[in-house]
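In this document, chain identifiers A, B, C and D correspond to the written order of the chains, with residue numbering beginning at 1 in each.
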Amino acid sequence: MKKIINNPESFVDETMAGIHYAYGDRITFLNGDNRILIKNTPTPEGKVGIVTAGGSGHLPVFLGYVGQGMIDGCAVGNVFASPSASKMASMIEACDYGSGVLCLYGNYGGDNLNFDMATEEVEFSDIKTATIRVKDDVASSPKESAGKRRGVAGMVYAFKIAGAAAENMLDLEGVTRVTEKALQNIRTMGVALTPCIVPEVGKPTFTIEEDQMEIGMGIHGEPGIHTGKLKTADEIVDIMMEIIMGDIELSEGDEVSIMVNGLGATPLEEQLICYRRIHEILDAKGISSYMPHIGEFATSMEMSGVSITLFKLDDELKELLSQPASTPFYTNHNK
Amino acid sequence: MEKITFREITGMFESIKQEMLEHKDYLIQLDAQNGDGDLGISMSSGFTKTCEMLSSVEEKDLGKVFLKISKTFNEAAPSTMGTLLSIAFMGMAKSMKGQESVDIIGFSKSFENGVNALMEKGGAAPGEKTIIDSFYPAAQSMTRDADAQKSMAEVFQNAEAAAQGGMEKTKNMKSVHGRAAYYGEQSIGIQDAGATVGMLIMKGCASYFEA
Amino acid sequence: MKKIINNPESFVDETMAGIHYAYGDRITFLNGDNRILIKNTPTPEGKVGIVTAGGSGHLPVFLGYVGQGMIDGCAVGNVFASPSASKMASMIEACDYGSGVLCLYGNYGGDNLNFDMATEEVEFSDIKTATIRVKDDVASSPKESAGKRRGVAGMVYAFKIAGAAAENMLDLEGVTRVTEKALQNIRTMGVALTPCIVPEVGKPTFTIEEDQMEIGMGIHGEPGIHTGKLKTADEIVDIMMEIIMGDIELSEGDEVSIMVNGLGATPLEEQLICYRRIHEILDAKGISSYMPHIGEFATSMEMSGVSITLFKLDDELKELLSQPASTPFYTNHNK
Amino acid sequence: MEKITFREITGMFESIKQEMLEHKDYLIQLDAQNGDGDLGISMSSGFTKTCEMLSSVEEKDLGKVFLKISKTFNEAAPSTMGTLLSIAFMGMAKSMKGQESVDIIGFSKSFENGVNALMEKGGAAPGEKTIIDSFYPAAQSMTRDADAQKSMAEVFQNAEAAAQGGMEKTKNMKSVHGRAAYYGEQSIGIQDAGATVGMLIMKGCASYFEA
């Protein structure tokens, strides 16, 4: 295991300490608990709170999106593990500014159950909550059972839209409606070339042979839909784009935001080579691109590979996407 | 008539903890085949922390005791299984609210309530290769035996056997819930790790009353 | 070679195409030449031009810093190879807004020679130029021969300072003076864990054993100063910080900007764990930290490892560092 | 008296190109030991592109010819060695400006000028394990022989021998310039790749005049 760490048990705590030292002016730990990160900047009374939660090992997902114009809080679990319901509940309470809280998170068993318990718990304190589970990974389940799909990089667009809508002082129903609309227009698919290592495990929990790739692999190494010889960038993009475009209706004149997300170890050069192909495919169909997101938005530590997300825009969504947002790990200021 | 009070609950959890510690590697190995292999770790940690809490708490109301168990367990093991169990404990808490002791009928009702909460939140039905496949037959067996006014020892012994039987049937089932579901057909042939946890819990209770 | 590419020969061209599609609204190719990238946004007459050049394979270095408040142009070579003098000369001419051009680049043989030829060439067109070679890598040569040191991640701070000074309409001498002052206060040191692969070569040009690390290794795999068993994050940081702090005078009450730069494959979590340690070391000495830069600023494709840069600030430099800058690959807006 | 015109220059470059193509792998291998191994590729490409240019150009003024050579070579091979050679060609261009032919004295002066430009820009002196170690003795030999009014063939033959001798001495030198300098003491024992290029250039010229 080639990692620059101290001991595996302190991996998350030390990461959180680094974040606190670096960005403590804008984000802080709720009651000193380093597993609950909330904004440290003023929030207008009556704004809908947006919160998320999930396991560690995916930076900037999830906590990296806590900040202005995005989400208000994030509960942090161990590597690839959900945080507990009680931490979520404390976070929800801290992020209620009087108009309720939207719980916006990836569709994973542990997170679902804990958020369900947490929202039940805060009901006792009369906090209104709404729940949206992000299910953008088209490779994780067929269209007929789209409800079982996992949440991956498309979540970042959902945070962006929800955050902007909340900042515009929409009420909880309004924020929920527009975020759900956004997610109906978001699809992601990934390819992995090398595995990642959970520090406490100390070795890869899955393997990809030296000349192989796995299309559709999940961000924790969940099995993909196609394992085979590593193909060229264009071939890989073509396969992924065909599946994505078979899942979402896109026609001439449509506008999308394209996210090319590096899974951790893949050079920016390769991400740009993929972007080039995606752009050409869409361009040939008369589909234009707006505010591309190219870089690392949702990773799996040292996993190599990329994911492609298409986000189909309408006027309302485009407006919300372009509204300024700024967290220590994300801004659309220069996008 | 035999009664279950805070003392028995503590003893039962101690006994379950022993089972979890003894079968830690076995659970890791089972979970690794169709999942991420954390089950042995999360169960050991969950029951250890819960027993620590029980040994330091001054509380007679069984409803409140199970509420604390539920919270402690979830904090210590926020994984899928940990959370599902903590949901079950919460369900049990609700039906024991305000009582300092329950008889076997009261306890079996409360357990049934816990299993129902787990089914409702987890969305799994029997036959879907989850902990339900050992818990559900165990709960049925307990209700039957309690109505027949059997002894505590007998009730839990039969419940363990029912859980064991259900657990074994999971070998031939296909996973549809949790991480294991990603493996689809490949999951057939392997005993479900969560159902094994359910069996070990019943086994722990049975050993306590045997002793 | 596990890379998501098409063929090695088109690696740079396709990367550049991706950049052009994604960010063509703000940066463009000079006369359609995809190896000369210049700003596509208005520049005030009389601003000093800031240009750089260097090989590919280090994104966001070098071209990623072309944009508002940073540099005006960048000539792009093949992977790890200098572009030609004539491309540099064309770029310099395009980035002269009437007050001369500062050529600010890393101290490498090929780049030095080509820039020398290029500046000689543009003299014929009466363009005033100044030259600063970045030599921030303390591991690349001892202090006595600091003039031989290579330029690495600290270059990004130099771009930032020069860009801000030029935007403030300082003249060529003024911009040069303040950039030189900045570089006198910048030191970098790196550690590599795994090698990188030049696409056209197809295999690593150097190796690092499975349990080894190389402290001081250059961004092209130039030999480091210490090869040994992989140590813990704290031990590694301690070694690097001792060398850096032996090279630059820092005392209680000083203020620095810390850059922790991922070399390509190292997860953000690990970078933050390193940042945590650096912060603690400086904090113990009464040295405070301002506007940390944590992420990937200067990479070597899929190399894993990190570099640490300390930039000692005074009032003038702090002011220039905080002045807004925005390129498609960099902004200090959320730093 | 023998003269060098555009025709001879073209012939000399064709002949040098042949040497570079033949020794491509050898140069790669030498450069890889103390550097990055690109030298064989950059030299082949530099001389190939230059010959292409020469075969398509209508230009008699040797100053302008060498200016074009300098530019073409740098475009095709912007590496350290490529740029240093293009600097040398630029130096030669300056001293042949306006002339359509030069005799051996004129040519050797121009070569010396090129080598001086290379030394000045590159900052290397003889004995520092670079191309200078083959070019410098070659230039000295040429000047001596030209003053002695030897034939072109003889001048270039001796220059090649001088370059060869200088190249061999680089084996015992320690690198202080370029990438090789990073290897310090380790560089001792290995013949310098750039000095080998210098020798091959002289060899190419000599073969042209022999033929």
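Assume a contact is a pair of C-beta atoms (placed from the backbone, for glycine too) under 8 Å apart; a residue touches a chain by one contact, two chains touch by 3 or more.
As the structure is a prediction and not an experimental result, all values here were calculated from the model.
Touch-path distance (fewest steps) from chain B to chain C is 2.
If you average the CA atoms of chain C and of chain D, the two centres end up 33 Å from each other.
Mean C-alpha positions place chain B and chain D at a centre distance of 83 Å.
If you average the Cα atoms of chain A and of chain D, the two centres end up 58 Å apart. Shared interface positions of chain D, defined as residues touching 2 or more other chains, are absent. For chain C, no residue reaches two or more other chains under the stated contact definition. Chain-to-chain contact here is organised linearly: an open path runs through the chains from one end to the other. Those residues of chain C lying in contact with chain D across their complex are 77, 80-87, 109-110, 113-114, 116-117, 140, 148, 201, 205, 218, 220, 222-223. Taken together, the chain A residues at the contact with chain C in this complex read 2-7, 11, 14-15, 17-19, 21-22, 56-57, 59-60, 67, 191, 193-194, 210, 230, 232-234, 236, 264-276, 279-280, 289, 292, 294, 296, 299, 301-302, 304-306, 326-331, 333-335. By the touch criterion given at the top, residues 32, 36-38, 71, 74-75, 78-80, 83-84, 86-87, 90, 121-122, 177-179, 181-183 of chain D touch chain C in their complex.
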